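Some structures are shown below for you to check.
Note that chain A is present in both complexes that follow, paired respectively with chain B and with chain C.
This part shows the complex of A and B:
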C-alpha cells in the first residue's frame, strides 16, 4: 500500500472535516477537538487502512463516530424513513443570497434534526458522493438521498421563510401542478 | 392519442379548450421543473459556498501537523526497525548455527557428571508412587521421556519410589528413583539420545564408569539413552542389569 503523507492529508481534509464537525457540534472548540481526534486516530491507526483511496471516507467516518460516541446521539437517531415522499422545496428569495453569511448557514444547519444535519452538511461540503456519505454515516444510500432532500428542504424553508414561500405559491396556483 | 389530447376523463373539463389554450400549459409544465432545477442549483451553490467559507481557527492546521511528533507511529517504527531486527535475527541464526556446528558435542562424561552431581544433593521427587505405570503416566503428561524399555530385572527387584523431571541442554531428563533393600537408592536417568550425539544406537553395550563414589552404567535403547547410578561399586549395578 502506498504510504499516505500525513501533511498532505491534513492540508486536503482539515478544512472540510472541521466544518463538518462545526455543523455537528456548533462549537468551534468541539469541532477543532473532533478534527484533532480524527487526525490523531489516523496517526495511530491509519496505517491499517489497506486502500489509500478510502482515506477521505475513513477520516469523515472517524470524526462522525467520535461525535456520536461523545454525544451519545446514536440511540436518538430514527432509522425508519417515513418521509420518502417528495417534498416541494420552498422558493428561495434571491435577495437572501446577499444577506446570508456562513454563520447564518451554520446556525440554521445546526437547527436541523440530527439525522438531516450530517448528510446535508456532507452534501454541501462537496467532498463526497452519495455512496461515500452513506459509508460515512453507515446508512443506506437511499436513506442518505432522502435525508439530504428533506434536510435541504427544511434548510431552505428556514433560510427563505416558509410563510413567504407559501404566499408565493398561493399567488401562482397554476404552477402547483407542475411539480407537485 | 397524442400529448395535446386530453385523456377521456379530462375531456370533460378540456372539451371547451382550444389547442391554443392547452399549449401554454404544456410549455409551462416543461419550464417549471427547469426553473426549479436551476433554483435548486443556485441554492445548493450558495449554501455550499457559505459553508465552505466558514472560518477555521488559525492555529488548527499547525496543531494538526504537530500530531505525528507526539504520536508514535507503529508502522514507521516497525519499518525502520525491521531491517535491523532482521539483521539481528540473521546474525543470531548464523552464529547460532555456527556455534551449533562447531560447538563441541556434549560428551557422555559431561552428562554423567552433571546427573551424578544432581543426585548428590538428594533431590526432592516431584511425584512419589510405588507403581511404575503411574510414574510413566505422570512423565508422559509432562512431556518427559516416559516410554521406557528397562532391563527386566530392574523393576522386578527394585520398587520404584517416584520421579522427577530434570533438564539437560534444553531437553527433559527423566529421573526415576528405586529403593534398594539396603535402604539406599538407585537412580535411573533417561534422556533423548539426540542430546548425546556421540552415542549411537549401536552403543547398546553397557558402559560402566565411576563418578567419584558413584558407579554409573550407560546404554542406548532405541532413541533413548539410559544412565543408572548407585552409590557404591560396579557389582551393585550389575546385578540389576545382567539377565542372569
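This part shows the complex of A and C:
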C-alpha cells in the first residue's frame, strides 16, 4: 500500500471510524485514540492484507477489537433468547425530527447495552453490508439483525423519553405517530 | 410469514442499499405492497431511520 493509498484511506474512513468509536466509548478523546490506533495498525500491518477490497472491513474490525481489548467487555457479548423476540417499536412523534440533535442521539445510544450499540451504529453509518457487519463484530448475520432490531427499538424508546421529546409532545400532542 | 415476522425483517431493511437486492427481504417487501397498514408502519420506520442516519452524519470530528 503506497502513501497515497494510505492518505485516501484516511480521507475516506477517518470520520466513519471516529463516529463508530465515539458511539462505543462516548468519549471524543478515546474515539480519536481508537481511530488513530486503527490507522497506526494499518500502517504497520495493512500491507499483509491480500484483498484490497477488504480494507474498509479490516479497519472497522481492528477498531472494534481494540475497543473490546481495552474494555475487556468480550465476555459480556452473550446471546440470549430475548434477542429472537419481535419488539414492537415505541411510537415516535414525527415532530421529534425538529428537536433532536446528534448529541442527544449519541447520548441515548450510549445508554444501550454494548451488544446492541455496535450493530446499531454500524447499521446507521451505512458503510457496510450485513455480511461485513457480521465479520466486524464476529457474530452470525442473524444475530446482527436481531441485535439491530432490538437495539433500534430500545434507542427509539429512549429518544421518545428524553426531555426534548416530552416537551415536544406537550406542545403538539396531536402529532403522535400511529402504527398499524 | 406473518406481519410480526415481516416487521422484524423490515425494521432492519436499509433503503437505497444492497438490501434491496437481498432475497431475505423479498417476501416482507411484497407483503408491504399488499397491506396498507404495514406500508404505513414501514414508512414510519424508514422515516425514523433516515432521521438517525442524518444525525450520525452530523457528528463532527474531534476538534
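The criterion applied here is as follows: the second predicted complex is superposed on the first by the 154 of 180 C-alpha atoms of A that agree within 3 Å, B and C clash if a C-alpha of one lies under 4 Å from a C-alpha of the other, contacts with A are read in each partner's own complex, and residues count from 1 in each chain.
FYI, contacts are C-beta pairs under 8 Å (C-beta built on N, C-alpha and C of every residue); 3 or more make two chains touch, one makes a residue touch a chain.
What you are looking at is a predicted structure, and each value in this text was computed from that prediction instead of being measured.
Overlap between chain B and chain C is detected when the two structures are superposed via chain A. In the superposed model, A:66 makes contact with neither chain B nor chain C. When the shared chain is aligned, chain B and chain C each come close enough to touch A:125. After overlaying the two complexes on the shared chain, residue contacts for A:44 are found with chain B alone; chain C is out of touch. When both complexes are overlaid on chain A, the residue A:10 reaches chain B alone and has no touch with chain C. Contact with chain C, but none with chain B, is seen for A:148 once the two complexes are overlaid on the shared chain.
Using the contact criterion defined above for the overlaid structures, shared-chain residue A:106 touches chain B and also reaches chain C.
Touch criterion met: A:36 reaches chain B, while chain C stays clear of it. In the three-chain superposition, chain C clashes with chain B only at 40-48, the remaining stretches of 4-12, 40-48, 94-102 or 184-192 being clear. Residues 14-15, 18-19, 22, 28, 32, 89, 92, 94, 97, 100-102, 105-106, 121, 124-126, 152, 155-156, 177-179 of chain A are contacted both by chain B in one complex and by chain C in the other.
Taken together, the chain A residues at the contact with chain C in this complex read 14-15, 18-19, 22, 28-29, 31-32, 86, 88-89, 92, 94, 96-97, 100-102, 105-106, 121, 123-126, 129-130, 145-146, 148-149, 152-153, 155-156, 177-180.
Residues of chain A touching chain B in their complex: 6-7, 10-11, 14-16, 18-19, 22-23, 28, 32, 35-36, 39-40, 43-44, 47, 89, 91-92, 94, 97, 100-106, 109, 121, 124-126, 152, 155-156, 159, 174-175, 177-179.
Listing the residues of chain C that touch chain A in their complex gives 4-5, 7-9, 11-12, 14, 17-19, 22, 36-38, 40-41, 44-45, 47-49, 51-53, 55-56, 58-59, 61-62. Within the complex, the chain B residues that touch chain A are 25, 28-29, 32-33, 36, 39-40, 42-44, 46-48, 50-57, 60-61, 63-65, 67-68, 71-76.
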